[in-house]
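Below: one structure, written as structure tokens.
Lettered A, B, C and D in written order, each chain numbered from 1.
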Amino acid sequence: MKVIRDPLHGHIKMDELALKLIDTPQMQRLRRIRQLGFAYLVYPGANHTRFEHSLGTYNLAGILLDQLGIENEEIRVAALLHDIGHGPYSHSTEEIIQKYTKKTHEDVFGLIKKGEIKEILDEFSLSRDKIVKRIKGISDIEILHSEIDVDRMDYLIRDAYYTGVAFGLVDYLRLIHEMDFYSGKLVVKMGGIQAVESLLVSRFLMRPTVYYHHVSRIAESMLIRALDYLIEEKRLKVSELKRMDDYELNVFIKNSEGYARETIDRINDRKLFKRALYIGQGYINTGDLNRKNVRRTEKEIAETVGIDDGYVLIDVPKSPKIEETKAKILVNGDIKPLDEISQIVKTLESAQWENWRIGVYTLKEHLSVVEKVAKEVLGVEKMHRQQTLERF
Amino acid sequence: MKVIRDPLHGHIKMDELALKLIDTPQMQRLRRIRQLGFAYLVYPGANHTRFEHSLGTYNLAGILLDQLGIENEEIRVAALLHDIGHGPYSHSTEEIIQKYTKKTHEDVFGLIKKGEIKEILDEFSLSRDKIVKRIKGISDIEILHSEIDVDRMDYLIRDAYYTGVAFGLVDYLRLIHEMDFYSGKLVVKMGGIQAVESLLVSRFLMRPTVYYHHVSRIAESMLIRALDYLIEEKRLKVSELKRMDDYELNVFIKNSEGYARETIDRINDRKLFKRALYIGQGYINTGDLNRKNVRRTEKEIAETVGIDDGYVLIDVPKSPKIEETKAKILVNGDIKPLDEISQIVKTLESAQWENWRIGVYTLKEHLSVVEKVAKEVLGVEKMHRQQTLERF
Amino acid sequence: MKVIRDPLHGHIKMDELALKLIDTPQMQRLRRIRQLGFAYLVYPGANHTRFEHSLGTYNLAGILLDQLGIENEEIRVAALLHDIGHGPYSHSTEEIIQKYTKKTHEDVFGLIKKGEIKEILDEFSLSRDKIVKRIKGISDIEILHSEIDVDRMDYLIRDAYYTGVAFGLVDYLRLIHEMDFYSGKLVVKMGGIQAVESLLVSRFLMRPTVYYHHVSRIAESMLIRALDYLIEEKRLKVSELKRMDDYELNVFIKNSEGYARETIDRINDRKLFKRALYIGQGYINTGDLNRKNVRRTEKEIAETVGIDDGYVLIDVPKSPKIEETKAKILVNGDIKPLDEISQIVKTLESAQWENWRIGVYTLKEHLSVVEKVAKEVLGVEKMHRQQTLERF
Amino acid sequence: MKVIRDPLHGHIKMDELALKLIDTPQMQRLRRIRQLGFAYLVYPGANHTRFEHSLGTYNLAGILLDQLGIENEEIRVAALLHDIGHGPYSHSTEEIIQKYTKKTHEDVFGLIKKGEIKEILDEFSLSRDKIVKRIKGISDIEILHSEIDVDRMDYLIRDAYYTGVAFGLVDYLRLIHEMDFYSGKLVVKMGGIQAVESLLVSRFLMRPTVYYHHVSRIAESMLIRALDYLIEEKRLKVSELKRMDDYELNVFIKNSEGYARETIDRINDRKLFKRALYIGQGYINTGDLNRKNVRRTEKEIAETVGIDDGYVLIDVPKSPKIEETKAKILVNGDIKPLDEISQIVKTLESAQWENWRIGVYTLKEHLSVVEKVAKEVLGVEKMHRQQTLERF
């Protein structure tokens, strides 16, 4: 038993197996992947990594297993390894990797079927299949990947700690204390209802403030476009991309040419595109502007304005979805979905759309003309103003 | 300029006027009044006082005035003095004092029309009337007493700090930063909308967890009944009660006899009544059981059970009400009420009832029989189970 | 197993025995005794009680026992009960109670030989004698009462948390992690040496800033004089005094007359005596002014000045002493005293005197004349200036 | 005026000038340089950057200037820019850059004599010379670079926050509050003496625990050796090295071959050399082993053992030195050096050596033989055991 110091959880106790696992290249690589992608451009403290989040998740999984009276080494290992499949800049490259490979960051089988991790798991007689299933959430005891899980608890408090934004503070001690098994299912007892509501509202508030802040979204949109070009022109293989860390991807693009090189310089020097237009739900027929035809529309706007392709970016975030609303609550002996018990949670599903925005980004010098043209092309009457700190 | 150390705000800067004011008996008395009444019986750290909350409110008022570019000494003084009218155990005696005097703790005129505070205000040429109006919220610049005010900001973060409950953490820096004057009104700009939502949800979650925790409510109900007897039997004058501090009231009752003496011993030794029944909204026709006829009903239950009057207590909390839903939000040049902008806030108004409970309390040994009889007398079919930590 | 929320330790787990013990009058009384006596007059947040400190000590004792692999119910109980012998206002009345009874607050035998605590201990077959020995520190396993003990760890971090003073932050997780048994003795391994140094320096810095702040000392000196009069004039029995809580003592004195009544009003309204003189070690022959002849000297000064006895108070703090310097450190298989390993700790013993001060206190209006006369009577050439925040 | 969120200071207010300056490539580069070099290998949370530390220093400089009643834009700018001269991995490359260029990271003139920063300074009519002098500490008002300066205050609390080590918590609010000008010099008043002592003891304790933790030192020693080879073999220019960020240096070495490539893989995968020997002061004639002849000695040991050059590294840290001991303290109208006022500070100078260690590092498989040979070659009788957490 050794301990590792974590600013959130104090001391994290790690057994021999866990210590061996974290000293593999797959885990150590996570030290060079920022947890929140480009959020550091808005919140200068947001430099925390997938590595420490993995330790934190492992720690909470252990606390929860203790609370439930379960001894299950595979779950603990899955908690530790659950993020090794992430590409560089975390979620920022998720979409593009998925587009080309049809795989999410949870498809980690390829990473543990050989090499150091495989050897360690074999040494401790642990099933790789079971661990992968835990990570992908295909299992009966849903500690790691569930409506209310330890992954989410750790990242909310961790993101709050490093950004300095007070919203993410979740009473995870209370929440874990109120979790139990009932009829073979992981439930939250009524005593934890406020803690669950708090967790969900925290996520709800963290979205516009941190996770979907327009400055992060702009940097991310720019990077994705640059990667698209590099992949389309066969200058970068997706199979290589997904194994890179932030360092490697950053320097790789810096060593490229043209648009991609210009983009990474803009990101590194924070000379980002600006927001020309911000369109809330209801102000546009979003059916017309799905993620598919976005590039055609961007091109149309750019041509009309008279600038090069790639200098007008349209950012259509995924539809907000909150799985946690279906968390199982134990009420007087019955299991009910959370949104039946809690009005506030029920509301969150639709309220999410209040913070959802399509963004149109371009160079500073073209802002007003792009705004005008984009409104016409997209058929927008009115636009939303940013709801967060103007600059950061 | 001197500074006072506060665990929440760091250093609070106080000018000569403020320093003189806090050294008056009226202000110093607040050092002996717990901010949260009997919450310390549930949360052992909840020993903070009205005094430190007053300093914190003064500090936030100053920060907000700076942000707004306003120099107004009366507002700052009002922030400092706003709680001097509280009776012992804060809100626990509020209802009973109001019942007999028809005055709230905000009617502080009697406390500043003579004595040290008057002299200090005269010395600094400040208007007592204006200060009282500020405290009562009858004024144009609503910094202290408004839908979103510095009083609430301070107590939410302070109560969270001392109870250790994570819900109360409000991003007050952000909120204050986004407040402004517009058309002569105090508004919150859209950049502060998440901070406002967070504040309201925090209050919503703090209610069942801290403010209305059944153990506090039981102690409070017991105290109120004891005080009722003492006042009815002319053993205690309300005019004296309202000027006491926690110490004086506690010892005064300990020196009395009968039910009152037994009650304070029970509270001090934590041998409290227990919850026999917990009835949520919708399970009872609350119109039938208003605060007026409660004592008659209690008596009826006690008689049926065969125990003395005073050993069955029915606790009917006030209807939940959230004034903040009408906070003024500045949206694209228009001022709109918050609940029109924010679905989540709109929901809070009705969601509050989810946590509202009528409690029936009695001695441990009579629990089951009182539960049975009370259900019949009140016509309750089903009862709610407690939603917070069972014991504390 | 129930949990209690503590702002420092999060959740404190308590078993049935502990839960029964805290619900006794002796333990509940600690909820009405401030941990830091009159420090709240300087630090408005310092309202924490002996009760929560007792829970915290119990919690740390449990963590340390787990770390050592020891199961010992008596130690845990001793940790919980260790402060039940405290008089009102904690250390402020310790000296006077000891003067008359020759007993310290650790002599708790009388409190557990009958009544509720006895019954509970009997029910769980626990030895009262062993528990008392643990509390008094007469035992082999010195977890609670040692050079480095859990009592000190808890109060340092707790006092820092509530005063807002950053000095008291001790890395207790690290310290406990580095404690072990070796040759039947509790030792700290070398990996914990910085944590121990930090603990000792914290105490060193907390003394002048918090524990011996002159405003607390003035209030304490005033109270002690008032109690002396009350006891000498047989208006108060020491046996009663030591069982009072803060509330009872405060109101008892308020209901008395003369000097005592005036004193408690002064303390409650913060119209305290002021410091006329502050004399550091070396500026006076302290041998001449021991705690014995202080009252004669006070009288002499008062008479010379022409004011009543009791209005000049001389405060001679105990000689600073740091037991922790002898903590057992395990170095390459040998046990050595801490001050042999750590220069900084060795220094603390003498450095303590830098912060040691004799104070001469009187009414504001007599400050300069008392200063002059006291200097003559005491033979002081030079006086020290206060080393902490002037006002608070 | 815009605000930036910082987890330590809350909101940092920045004016137009500051906002322009942070958006320059020189400042943005600091976002890709970890504040603590390789400490993240021990403390997983230690991913904070020079960028946020620069904002924090700017913020504290502003608070201190306000406290002193000084308006000086150049000092504020110097605080913001003071770290732009750092090489990649902060202090880890400082020594090697200095060896070849004879310049420290404070020689920033080359970075501001042209380019964006120059233009901004010209626009605001600020003197580059004055700013460079401030950064180098050649100025009369020593706010940034002094015995007690805002740079140190910020990094101590920041390093504590991100590592989770409790030692670094400095009461900077109190310290700044007690600073003043006196006879043209920046002094600390006696009321701040504990805060200063706390700051110095914090640094003292942070050294062995964080700054000089052997795992960081090993990674650093390995990197320096790799860089030495690359520079000696003309595969890397020092002028390029000093302008790289962590990302660029890491990938540059990864793209190299031989020892350097192996080294960065070892660092990235945490397959580090291990400590074969740890020698405290007094156990070796350190005069014999100065930093000059270290490589010859390493070679001798490696040859005797029979392994390649580069696989035995001897790490001789600089002699500990604490400039703060000469901080100016204002005592009764005289300015005295701190170590005359404070015994504890005086002790720190010599106590530092208790934590000073020469380390001999090699591959795990050669540990025992290298230990044996190194002891002979170096003439060591006894070695010190590690004083911090064994693993991390």
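Simple rule for what comes next: contacts are C-beta pairs under 8 Å (C-beta built on N, C-alpha and C of every residue); 3 or more make two chains touch, one makes a residue touch a chain.
Since we're looking at a predicted model, the values are computed, not measured.
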**Report entry** A-C compared against A-B, more contacting pairs
**Finding:** A-B
Query raised in the report: What chain is the most remote from subunit C, judged by the mean position of CA atoms in each chain?
Result: A
Report summary line: Chain centres from averaged Cα atoms put subunit A and subunit B apart, in whole Å, by 40
Query raised in the report: How many angstrom lie between the CA centroids of subunit A and subunit C, rounded to a whole number?
Result: 50
Report summary line: Shared-interface residues of subunit B (touching two or more other chains) are 3, 5, 10, 165, 174, 389-390
Query raised in the report: Which bits of subunit D are touching subunit B when the two form their complex?
Result: 3, 5, 10-11, 173-174, 177
Requested in this report: Would you tell me which residues of subunit D are touching subunit C in their complex?
Outcome: 165-167, 169-171, 174, 190-191, 193-194, 197-198, 201, 204-205, 208-209, 331-332, 341-344, 346-348, 350-351, 354, 385-390
Query raised in the report: Which subunit A residues qualify as touching subunit D in the complex?
Result: 2-8, 10, 19, 23-25, 28-29, 31-32, 40, 43-45, 47-49, 51-52, 55, 161-165, 246-248, 250-252, 254, 268-271, 389-392
